[in-house]
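Note that chain A is present in both complexes that follow, paired respectively with chain B and with chain C.
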Partner chain A sequence: MRAMITAITRRFGPEVPALVGFLAVVVAIFGLAAPRFLSLANFDSMAFQLPELGLLTLAMLVPIISGGLNLAIIYTANIAGLTLAWVLLQFGGAEAGPGAFVLGVAAALLVGAAAGAVMGLVIAHIGAHPILVSLAMMIFLRGLGEFLTRGGDISGFPSYLAPIGHGSVLGLPVPMLIFLVAALVWHVMLTRTRHGFAVYMIGSNIRAAAYSGLHTRRTLTLIYTLSGVLCAVAGILMLTRFNSVRVGHGEALLLITVLACFLGGVDPFGGFGRVLPVVLALVILQVLSSGLNLLGANQHLSTAVWGLFLIGVMILRWVAGKVGQGRKRKDL
Partner chain B sequence: MTAAEPAADPAERTATESPALRLAHVSKLFGGVRALDDVAFALGRGEVHCLAGENGCGKSTLIKIVTGVHAPEPGAEIEIFGQPVTSVTPTLARGLGIAVIWQDLALFPEMTVAENIAFDTLVGGRPRGVNYRAMRGLAAGVLDRLGVGLDLDARLNTLPIADRQIVAIARALAGDARLIFMDEPTASLTQSETDSLLAIVRALSARGVAIVFVSHRLAEVLEIASRVTVLRDGRLVGVYPTAGMTQSRLTELMTGRQFSHAVRARDLAAERAVLVLDGLARRGEFEGIGLTIRAGEIVGLTGLIGSGRTELAHAVFGLTRPDAGTIRLDGRALELRSNRDAVAAGIAYVPEDRLALGLIQPQSIADNIVLSVLPGITGGAGLISEPARAGVVGHWLRELAIRIGRPSDPVSTLSGGNQQRVVLAKWLATKPRLLILDSPTVGVDVGAREGIFAIIRDLAAQGLAILLISDEVPEVYFNADRVLHMAGGRLVGEYDPRQITLAELEERIYA
Partner chain C sequence: MIRKLLGTVGGVVLAAGLAVSAQAQDKPSMGIVVKIGGIPWFNAMEMGIKEKGAELGVDAVMVGPTSADPALQVRAIEDLIAKGVDVIGVVPNDEAALEPVLEKARAAGIKVLAHEGPGLVNVDWDFELASVQGFGEAHAELLAQKMGGAGEYAMFVGSLTVPLHNAWADAANAYIAAKYPGMTLIGERYGVAESVDESRKTALDLMAANPGLKGFLAFGSQGPIGAGRAIEEMRKAGEVHVLGPFSPGQGRQLVKDGVISGGFMWNPAEAGRVFVTMGKMLVDGAEITSGTDIPGLGVVEPDVAGKDIITDNLITINAETVDGLADLGL
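Showing the complex of A and B:
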């Protein structure tokens, strides 16, 4: 047992065993309290709800590891969704063919990448703080989107899009598949590629990274560009799930993505963080929310529980740190 | 203990009626580690006394016991200004006139000079309001006694380190300190700033303030202190008068090892030139720099801080662009747009500030080593190859004899000497033609320094061209084949260590 935990810890990060344990406890409690919780239908509904927040959280994760933040994720997703909607409407709205959809997806990804690239270039070359740069981008995209849509919903899309948001393949919801692929790609990128390596180094000490010959500006630009691309994926998914686009949709998720990152053990000061613990944190948040919902609790209450949960986790980590220190006390 | 003379009881040597401080039989255990083992220490009123020893020898623990941060094991005798004290608390220590100036100074960067100086006396612990006039009066008085003029209203974070050091001393004096511990006070000061600090220390001593001086810079120690107490591995090695003591003798006492000090310069004029600088200049930093470093040659570059040494290194490493002149490596003229170009061309640079620039402290030892050679360990699919990575790390850990727990441990867990080896490993992995070392032994224990230089000499023997930049004239004198002297952004002298004595060389550089 101990050997297995050590192996898991080494491969996926020290947070994983604790998060798995926590997940088991939460599932057990809700399983006992709400009989319907352990039903297939409930798992299915959770699997449809999680990917949207999940993709946005992955988009937030890498900027945080690099010592920054991307506050523009929601509106980047919205604007990308809007781009797809616009292309579809140009080709007849509900009558638009699959070719138009492919074109629209390409345009949406491009817009997401462009929004990210602009932020990345400004952060990398001007040295402005990512919070300020992404805040400015967020305000810009929100204003632009509301101006273009006049604050309303845009809808009327081809019916063949529905399976992307609501269908299943081999029993797995399509949105979940998209999220899992994205998570896998992000995991490999962070742990195995030179770009991922540079992300961690920059997050800990960008000047030392530059002194050692890492191309820090290119890395920063790529971090935000890829974050923008993932936002666009989330935006496309939102369009297919709700069959409409509205600027501001998902606004409440912005800080939840940050919460999920920190729950997953990402260092708020940069340099450390892994994909798997963050995915586990997302599942825990989803379980808490769905479980409370099944018990008939108000939706706002589950948001409150999320907040309490993070505070609890911080206290637990502090206690665990104290215990760990006590064991190897050395104080010269 | 073999090299040490029998250690006399220091308390007996201070014959004056009651010494400022007398400790005997002081031990301290942390878990199972014996940080201090039956140590005695004493200094007279107005004495400047140096506490010397390598990192981890127990110096800090001793200071913390005297100031009440740690309690000693039972059986310790502590006497402060003739008064026996059974248990020291921080308040009691301050009340008896003991103050410590830690290396990080522990001042308030957002507050003014006057507020900082008067803090303990008039500001701290007074909820009812602050008397600004009394505060300024007190601060002005103390600075006046020190004979320095500082703007009382300047915010501390706008002052240079040297001035902050003076504020820290003034703060101790404002609290009527009669015994001041100074922990590495000159670590970040230039030579002239150090000189004025030492002058202040002498003035304080003349007024009867006792000073315990902790410093890695042995030349300074021998200059300022009248006696030196040497600790090694928590034990007292001995107490020695500084008159007649040499740096090499003191090093032997601190490390318990003998070091051979011999000039190692060789004549390499026939070797192929690796680096040739011609007329290199950058406005405001350096000008007219012409130098050649040959294969296998160690060229020492010394001069005071601010002489343009580091700026020159930055330009050769592509971090800044020169305004004029050429850089040639192996006969090829280089146009460096960034340090990545320099690395690709075969230039490696170990920066002076190892903590902030040389290593990425929180990240692992392994990652810090492979940082510079990522393309070389990346496989066809663009993925870093785990075996290749482990291979590079293992090779260099063995090659440089780096003693570590696991390669996945943060590099910050290593000692200064081992950290410097990791920096070297990172650069040697790039197979450089030219290695620039900027003050490679700053913050490295005397004992570990010799190990670093052994590696450097070995690299030179393998044909690497090395530019060794250092403040410490003896370091370049004993290790370099030629010594260049830089001042005011120009090269002003070139010396062959075989044709000049160390004293003459120091004379010319510090003149």
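Showing the complex of A and C:
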């Protein structure tokens, strides 16, 4: 058992066993308290709800690891969604063919990448703090979106888009599949590529990374560009899920993505963090949210429980750190 | 140690869960997702839902998301589908965003009711306690009475882009133009009524520029308050009239001082009661046709094609009623 935990810890990070344990406890509690919690319908519902928050969290993750933050994720997603909607409307709205959809997706990804690239370039070359730059971008994109749509929503899309937001393949919801693929790509990127290595080094100490010959400016630009691309994927998914785009969709999710990153053991000061623990943290947040909803609890209470959960995890982490230190001393 | 801590945190979650999971099995169950939780309007609605639920034996709960975001409403509805409720009620933030998930709910055999969402397609019924026409005309008639049917009046709306406010204003203007030709509208309309300060400033400017101005019609919750303050400052209470829908708690003193003549609103607690009443009717398989008497709505004339039941159940805000409404927390 010990050996297995050590192996998991080495492979996926020290957070994983604790988070899996926590998840098991939470699922067991809700399974006892809410009769319908351990039902297929509920797991299906959770699997449909998680991906949009999940994609946005992944978009937040890499900037945080690099020691920054991307506050513009929600609006980048919505602007990308608006781009797709605009292209579809140009080709007749509900009558638009698959070609128009492909074109629209390409345009949306391009817009997401462009929004991210601008942020990345400013952060890399001007040296302004990412919080400031992404905040400015967030305000700009929100204003632009509200100006273009006058705050209203755009709807009326082809019916063949519905399966992307609501369909299942082999029992797995399509949004979930998209999320899992994105998570896998992100995991490989962070652990197996030069870019991933550079991200961690920049997050640990950007000056040392630069002196060691890493191309920090190019890496920073790429970090925010890729974050923008993933936001665009989230935006496209939101469009298919809601069958409409509005600048305000998903506003409430911004801080939850930061919460999920920190729960997943990502260092707020950058340099450390992995994809798998963050995915587990997302699952736990979803279980807490759906479980409390099934019990008919007040939504504000579930927010409070999320906060409590964050504090609990911090205490656990501290305790685990103490235990680890004690063991090391004994070995000496 | 870790296990102990896990146990503690788990215990807290369990306690929170058990505290709210007192529910019976055989009663019809209903979940009503509103725009946002924890604000007076929807607290009053929740009160109505609880009250009627206890009376009719329906296990009805209100779900109020923590912010007015359609994405949160979609999540809440998906959880209700998983929970297997018999009826889902919704007060939409964004009609279009809810269509797919409501379609899913109906495919799962769940009845769907909406309020303030006349454009929704995937519902069994949408009910309204105020029609656009009726709401605008009620205010117009009251203003005409206060002004004696003659003189100049100005129109405030929340913003020039709020569709509902502008529809009310259109209805009111059309009514006045047809019935009271002695009344004239000055200016076009002013999009200031979501801000007390701007409404006050605009009202002061308009009164200075138009000595013959006798009335303000303000659609937007802060408009009557702001214009009322301006009238109070100019000591023109009784001479210049202001009316429109506003929060009774906020405008209580101005109404009592006779500065705000009054206005109309609909009662969110009543809407909550109607949700439960209609939900029970749907579960019992009762037909709703022209002439059906629904408690809270009265005898209805449903629009079967649009699945809308639009009624005019306005309540008056004036010096007599304002205290009772304010005590509801409105």
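Please note the rule applied: the second predicted complex is superposed on the first by the 325 of 332 C-alpha atoms of A that agree within 3 Å, B and C clash if a C-alpha of one lies under 4 Å from a C-alpha of the other, contacts with A are read in each partner's own complex, and residues count from 1 in each chain.
Here, a contact is a pair of C-beta atoms (placed from the backbone, for glycine too) under 8 Å apart; a residue touches a chain by one contact, two chains touch by 3 or more.
Every value quoted in this text rests on a predicted model; they were computed, and no experiment measured them.
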item	value
Fit-or-clash call for chain B and chain C when the two complexes are aligned on chain A	fit
First, second, both or neither for A:A128, with chain B first and chain C second	neither
Which superposed partner A:A136 touches (first chain B, second chain C, both, neither)	neither
Residue contacts on chain A - larger count, chain B or chain C	C
Angular separation of chain B and chain C about chain A, which is computed from CA centres of the superposed model and rounded to the nearest 10 °	130
Which of chain B and chain C A:A210 touches, first, second, both or neither	first
Touched partner set for A:H249, first chain B, second chain C, both or neither	second
Chain B versus chain C as contact partner of A:G312, first or second or both or neither	second
Partner chain in contact with A:L288 - chain B first, chain C second, else both or neither	second
Superposition-derived minimum Cα distance between chain C and chain B (Å)	23
Contact residues of chain A, present in both the chain B and the chain C interface	none
Chain B-facing residues of chain A, complex	10, 188, 192-194, 197-198, 200-201, 204-205, 207-215, 271-272, 329-332
Touching residues (chain side chain C, partner chain A) in the complex	1-2, 5-6, 9-10, 12-14, 16-18, 20-21, 23, 31, 37-38, 61, 63-67, 69-72, 74-76, 78-84, 94, 96-100, 104, 161
Residues of chain A that touch chain C when the two form their complex	18, 21-22, 25-26, 29-30, 32-34, 36, 39, 41-42, 44-46, 48-49, 52, 150-151, 153, 155, 162, 165-166, 238, 241-244, 246, 248-253, 288-301, 303, 305, 308-309, 312, 315-316, 319-320, 323
In the complex, chain B residues that touch chain A	30-31, 33, 35, 56, 58, 60-61, 319, 339-340, 343, 349, 351, 356-363, 367, 371-372, 374-375, 378, 382-384, 408, 426, 430
